[in-house]
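Let me give you the structure first, and then I'll get to my questions.
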Amino acid sequence: MSDHHVYKKVEIVGSSRNSIDDAIQNAIAEGNQSIRNMEWFEVTETRGHIENGKVGHFQVTLKIGFRIENS
Amino acid sequence: MSDHHVYKKVEIVGSSRNSIDDAIQNAIAEGNQSIRNMEWFEVTETRGHIENGKVGHFQVTLKIGFRIENS
Amino acid sequence: MSDHHVYKKVEIVGSSRNSIDDAIQNAIAEGNQSIRNMEWFEVTETRGHIENGKVGHFQVTLKIGFRIENS
Amino acid sequence: MSDHHVYKKVEIVGSSRNSIDDAIQNAIAEGNQSIRNMEWFEVTETRGHIENGKVGHFQVTLKIGFRIENS
Amino acid sequence: MSDHHVYKKVEIVGSSRNSIDDAIQNAIAEGNQSIRNMEWFEVTETRGHIENGKVGHFQVTLKIGFRIENS
Amino acid sequence: MSDHHVYKKVEIVGSSRNSIDDAIQNAIAEGNQSIRNMEWFEVTETRGHIENGKVGHFQVTLKIGFRIENS
Amino acid sequence: MSDHHVYKKVEIVGSSRNSIDDAIQNAIAEGNQSIRNMEWFEVTETRGHIENGKVGHFQVTLKIGFRIENS
Amino acid sequence: MSDHHVYKKVEIVGSSRNSIDDAIQNAIAEGNQSIRNMEWFEVTETRGHIENGKVGHFQVTLKIGFRIENS
Amino acid sequence: MSDHHVYKKVEIVGSSRNSIDDAIQNAIAEGNQSIRNMEWFEVTETRGHIENGKVGHFQVTLKIGFRIENS
Amino acid sequence: MSDHHVYKKVEIVGSSRNSIDDAIQNAIAEGNQSIRNMEWFEVTETRGHIENGKVGHFQVTLKIGFRIENS
Amino acid sequence: MSDHHVYKKVEIVGSSRNSIDDAIQNAIAEGNQSIRNMEWFEVTETRGHIENGKVGHFQVTLKIGFRIENS
Amino acid sequence: MSDHHVYKKVEIVGSSRNSIDDAIQNAIAEGNQSIRNMEWFEVTETRGHIENGKVGHFQVTLKIGFRIENS
């Protein structure tokens, strides 16, 4: 068995009408559909759309780190 | 009709006793009193006051982008 | 009495299973056990662990500023 | 006469279907409608929309510096 | 239908012998061969090769954002 | 009475033949002619002109934060 | 034949119990299993785990640039 | 005797009603009350309070580096 | 038992006549004399002294994260 | 023959009344008068003068990398 | 006569026992001994030595821009 | 004798087939051929070429600070 791991990062933007926390959860839920062994995330940008003078969507950019299998 | 738009950005700091999300909503609600055609926001700083060993206010700095009329 | 103050900053990482706001509150509650005169905080990083395809913990790095006594 | 000047900066986003250079020219032409004594600009961000697999609009964020009258 | 979208970003470096604008167009044209629903780009770096005392190639690094289908 | 405040930031460049401190004071004095409730400033850039091999003017860019009335 | 190339970047985190240099080599060896035409790398972050008061693993984040075939 | 040294950095914010230079001197004088072997400082932020349309206090954030004894 | 942890970061500069890797190990060995539960490090700066036209010492600035007991 | 090269970087600011691309070409043409073995450039800043409400000059700061002879 | 100019930047570190302003003046005075047509400076770093619990020297890093003759 | 010194910084890129440490040593050895009074270096970038799925060359960008004679 290897004594080291190798990880990859992908950049995903989640959005939510409700909150920053939800936008993060949505991004990770989406990542979970195609990525195995997701281990951590890093927030790199927070922004959003404004509709009718209120927040329309929060948009949060994450880097998601996942372990490469058999590494 | 113009085939391009021009936008301006203003920097607003919203605060809230409750949450980061609320501080953002407060900043945009305030902007809505004097700015037309607000389209997006970008969070550039998150900080706050501490009172009695707890968060007193969350303070979130936003850049708000709005379209200039007739541009 | 002095006409100026001197402040120090410490860097604390709070975590929470629930939200970014809670992770900040946890960091400050912990700081409150040993630091007097905490006055403000600055968020410098937001990241977290992923467990079973969901956020396991939000982890927020704060700088906490406090006034040095008798300064 | 004063021996120093004071300047202000505003942040404007110009767009163009053709080029980055044009997006800058459009932002400055717009600024020229309401700002006097514009003296310099600084590019802080270059991005754009994609339409049908091609650049739809180049969008360039500028800070424009102008001298305050009588300063 | 979902009330929020999730986006992914990929980082592509386009080059051109002619101009920065062309290097961006080339990167997006290449992305268009394999990515659906490309919506925006962000320029993160501009550099290039020098040949015989002139620009050989402009090289522009873009992040391209695209919507994940069914999100 | 509101339990939160909203602040706005403007970016002003002060100059002085004498010192960095003076350039900051000049920027704030100028701001004071048109802005009410100025509360804090942040230095974002220090530069200047050179004349005859000496500093001609120090130029200091500040962001000035002020409270929006009735917020 | 095209007179320009297009490149893509992926972000990989290599680790090693021995050294920073090894962590970089491990990341590239892993990339080599699935990526063709890798041409350069850029180090964007160096960090690591601590075990029993010593470095457990060095972890180095790389961006790896590779040429897209037929571009 | 060791052929290498280890240093630690602390972050201190000095203030002064008079000047940036004084705010730095105040921070270091305060550090001198509890820290031995201070060797260098790095300015990381300059800001301040505004009172009655003038600078109330200059506030300068320093990192102070000091040698750990017996290292 | 708590379902979340709180961490603190300290900034330490390690040096070595031999290599960057050694400078990191020296910083962590020093930290190990007074800090319990050290869990990770982040490299924030790499520099050094030059003596007689060669590297005299490598100096590496780390942030070391450690878990606060009973948190 | 050496199995490694050493490069130096100089920082040059090119200007042009016409375009960003031209300002880059002018900087490199100027460098070509005194520098041998120029190999690459990196754009670090884009700004310019405004004259009569239009771009007077585009000014682009480049770092130019060149190989040191016999290295 | 050329309708554009080309500038070069050099990086100089001035020091002073007295103040940040003096350190800048010293750097420019030194530059003046060998550089013609110096036109502007940009401060990129402020740091210093500590001696006996006080500032020993302020050290300020400048980039100095000068026009290349006949450009 | 002057009570202050003035320093200059040059930017050099060293390369090595073996390690990051060697690339730094090569850059400084090269600098030593033409620069007197080199005192310190700062690493600003680490990157490299990939050949046949392995590191071809490590390339490390340094700023090297040296004291100006008679300053």
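Observations
We call the chains A, B, C, D, E, F, G, H, I, J, K and L, going by the order they appear; numbering starts again at 1 in every chain.
Note that a contact is a pair of C-beta atoms (placed from the backbone, for glycine too) under 8 Å apart; a residue touches a chain by one contact, two chains touch by 3 or more.
Everything numeric here is computed off the predicted structure, so don't read it as measured data.
Any chain touching subunit B that also touches subunit J appears here: D.
Identification of common neighbours of subunit G and subunit L yields I.
The pairing of subunit G with subunit I is characterised as different-residue: of all residue numbers used at this interface, under half are used by both copies. Equivalent interface to D-E within the set G-L, A-G or D-F: G-L (over half of contact pairs identical by residue number).
Most remote from subunit D, judged by the distance between CA-atom centroids, is I. Separation between the centroids of subunit D and subunit G, computed from CA atoms only, is 38 Å.
Subunit B and subunit D have Cα centroids separated by 21 Å. Centre-to-centre separation of subunit D and subunit I, using mean CA positions: 44 Å. Averaged Cα coordinates give subunit F a centre that lies 23 Å from the centre of subunit K. Shown for subunit K are the residues in touch with two or more other chains, namely 10-11, 19-20. Pairwise, the chains that touch each other are A-B, A-C, A-E, A-G, B-C, B-D, B-F, C-H, C-I, D-E, D-F, D-J, E-G, E-J, F-H, F-K, G-I, G-L, H-I, H-K, I-L, J-K, J-L, K-L.
Of all residues in subunit B, those touching subunit F in their complex are 10-17, 23, 26-27, 30, 57, 59, 61. Interface of subunit G with subunit L (complex): residues 19-21, 24-25, 28-29, 31-32, 38-43, 64. By the touch criterion stated above, subunit F contacts subunit B in their complex at residues 3-11, 63, 65, 68, 71. Residues 18-20, 45-50, 53-55, 58 of subunit H touch subunit F in their complex.
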